[in-house]
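Each of the next two complexes has chain A plus one other chain: chain B in the first, chain C in the second.
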Partner chain A sequence: MSHGSEPIADAAPGAGAEQITEEITGFLTDALRRPIGPDDDYFELGLVDSLFALELVTYVEQRFALTVEVEDLDLDSFRTAHRLTEFVRRKTGADAGRRTHVGDH
Partner chain B sequence: MSATTETAGARLVAAAAGFAAASRDAAADWDREGRVPDGVRRDLAATGLLAADLPPAYGGAGLTPAEVGEAAAHLGGVCSALRGLLTVQSMVAAALARWGTRGQRAHWLPALAEGTLTAGFAATEEGAGSALGEVETTVDETAGGAALTVTGRKKWITFGQDADVLLVLGRTGGKPAAVLVETDRPGVTREPVRGQLGMRAAGIAHLTLDAVRVPADHRIAPPGAGLSHVAATALDHGRFTVAWGCVGMAEACVADAAAHAATRVQGGVPLGGHQAVGALLARIAVDAAAARELAARAARFRAGGQGRGVTETIVAKYAAADAAARAGRDAVQILGAAGCASDSRVGRHYRDAKIMEIIEGAQQVSELHIAAHVMRRFGAGA
Partner chain C sequence: MNAVGTFRAATPIAVDAAGWHLPDRTRAVAELPELADLPEADRRTCLNLGIDTVLVDDELTAGDLAEHAARAALERAGLAAGELGALIVVEPRAPETLISSDATRLQHALGATEATTFTVGGLGCVSVAPALLAARGLLAADPGLRHALVVHGSKPAGRGRYRHPVTVNGDSGQALLLSRPGEVPAPVRVLDLVQRTNGAYWDLFGLDYRDRPTAQWREECRDLPGYSFRLAMETRRRLSALVDELLARNGRTRGDIAGWASQNLSAGGLAFTEETLDVKLLPSCRENLRGYGHLGPNDIFLNLWTALDRRDLAEGDLAVLVNVSPVAAWSVLLVEMGPRGRGPSQGGNA
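This part shows the complex of A and B:
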């Protein structure tokens, strides 16, 4: 698969938004088996099955080395590749220093 | 906790084996009576096995997926109701560990780990089985947002007769929402279900929630995430322990069928001397072994971290439910009338295994997911 499970090293603070969006649209296009643009709302378009939301969380966590906490579950953040990009940048920027993993504490 | 994780894991897997061995004969009585005795339920809960993969910080033993699987296989090989108790408690614990706030985790998880609190998972309704997006139970904000009022009717809740608290799937303002409801609150009525095909001792109940008020902090995750995140996490965990329970059942059927085929003589030959009987035995033995390997594979993926192994778990549950159902059917065939007797172990597994092909994602629903994944993998270049 073109989108492996290793976190991308330079997705940390400062990684280009474009690069992140490209990563994400690539994953979505593979996962949903059709081209997904940066502003396509795949939930609204009915393209996802019942397991996809969790899969997306796991993908974002692995790929960008962050943890999605319940406080992050504003589902609007997960609707489009652009919004996800903003979310990833928020999490890997300001929050990067005090990441905790669910269950680790 | 003084013991290391490995030691705690080995001790708990051994405890599950011991519990299973001690329940081997009684399980038929529980099935007939439609009830696991309260004392047995409490004893199993007190072992700490019911949510043993919770981290030690929450009172769990931090069991690995493989260890949880082994424990579920031990219980499932003897009594699906006991395995069901582990399944529902650990489903709710998994959903809370993943999507509870820090405060919710601290409040609920230690009691679930200790077994002083038992939990049920209440999703299914008359109009919402495989399609859980159709649930109609309402979770309305009342008292200026300080409380939630839950109204609806839930069906087929495993250990719903006994659970202290239920993780209920409903909707708030139309959006899927998950909420914890203690069963001693006014407005909760339980109607025991009896005489169903299988899982007869699993304390199944239909539950009516009539304007049950709970504090607002009982809601797990924001509305919108109740099904796709909270219930989905619970169901993923449930499929994993069901898969392993089915491995245990399939192996138990192979053992009983082989023992019978080797010793029962008809027309001067042991039954196993007939090629057709040997073929049945061979097939179910291979199915059981394959199911175990797929369940172990799912465990390896899950050990990779939170959220991993969802599809591998579906594959394992699908294969293991099929193996158990086939092993049950063919074991009854080989035992003949003995397999049809009211106290027949393989007969009970046969009935219980059929249930496993329906719950936690019916076989046909699993096939849809598996097929979609296969196409994703190989259809990209098309």
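This part shows the complex of A and C:
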């Protein structure tokens, strides 16, 4: 299953959280074939099987050009689109980027 | 393609013959009695597993299924049970009685009086891997031991056959007659295998049986998100690493592999394995899944033999057999095809 086109990792530090959440809810809505809101816990709703979990992690890795490491496999980071957004921004340095940008040069 | 080379780390074992007992009766998954008691979402999950029917023989115990398969394998090989040097029983999901021995029961039933006999298990459907490891060790260590029989009777522990949200269990027996590779080429050679476990998942699935009538036995998952997410992601990492390790230590690459087979849990599970390893599984996996259901440790070799029977694999081909169990255990086997053997549809009760 393929969703989106080019990885947006390069844009992620500058990308707003809203844009990332929108991307992710779009993927979830397509993949689960039902509307998924930013705070819907699709695990709690019983919508996730192993294959979907694989597709979700693969999507996040490819779309945002990051690697989900073993230590990242905290279910709470993947439960909702909002939490995934936080995870993506954390992994891509978007949050830190804003805090540490001044003085980088 | 001959896999003998400088990279090979393991001693190969020959599968001289394989025997099955596949009941001639089936039950439609849609007609499973336990579906009536399930919430609608769970019922839908069960009906969407990619399993139409499961093999059923309500008259036979797991021990009976194993015995029928053992006799079929011995008959196919023209070997008397008394000539067996080892009889290794892959434990049933639930023993008929506690304290007694399923392994020596089978030894007695077959008349395998000279066989070193014991049970292995603890790893769900991956338990066939330690059985092969034990057989390989015995064959390597004891020059006087010529034949080892690995046997399993697969039957659900309770009356219910559906394990939410994983699979539907069918009934079957399987026996693999193993030896050191000799002058007469075997239908299949197990060149190498790798097995790993992660005990953190030891009780992810369980069945509380104490003080409960068997009608109330249920195979239950204590952490569904954990199964669907954490174990799935660990499996993604583990399987890729195990396959890489197996192929590397045998001086092979994925391009050398003519066929991939796995255990049959569900259509989603097969797709998961395909996506994880970026391979296409042999058609026999989906075919057997659809018609037979999950047969536990018997799946991978049944799928391999069905592929041979369908001529999807030819002499000299290499195949990788993948097994995953939620206890959690993973195994990958590298096997090489010999001259065409008789597949499950060509003899016995299969």
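Keep in mind that, in the parts below, the second predicted complex is superposed on the first by the 86 of 105 C-alpha atoms of A that agree within 3 Å, B and C clash if a C-alpha of one lies under 4 Å from a C-alpha of the other, contacts with A are read in each partner's own complex, and residues count from 1 in each chain.
Convention: a residue touches a chain if its C-beta (ideal position, glycine included) is under 8 Å from a C-beta of that chain, and two chains touch if they have at least 3 such contacts.
These figures come from a predicted structure and were not determined experimentally.
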item: When both partners are placed on the shared chain, which of chain B and chain C touches more of chain A; value: B
item: Which superposed partner A:R33 touches (first chain B, second chain C, both, neither); value: first
item: Chain B versus chain C as contact partner of A:G46, first or second or both or neither; value: second
item: Partner chain(s) touched by A:V70 [first = chain B, second = chain C, both, neither]; value: both
item: Chain B versus chain C as contact partner of A:E61, first or second or both or neither; value: first
item: Set intersection of chain A contacts, chain C complex versus chain B complex; value: 49-55, 57-58, 70, 73, 75
item: Residue numbers on chain A that touch chain B, as the complex places them; value: 1, 30-31, 33, 49-55, 57-58, 61-62, 70-71, 73-75, 101-105
item: Residues of chain C defined as touching chain A within the complex; value: 41, 45, 165, 224-237, 268-269, 271-272, 275-276
item: Touching residues on chain A, where the partner in the complex is chain C; value: 43-44, 46, 48-55, 57-58, 68, 70, 73, 75, 78
item: Residues of chain B touching chain A in the complex; value: 54-55, 57-58, 97-102, 132-133, 220-222, 224-225, 227-229, 232-233, 236, 305-308, 310-311, 368-369, 372, 375-377, 379-380
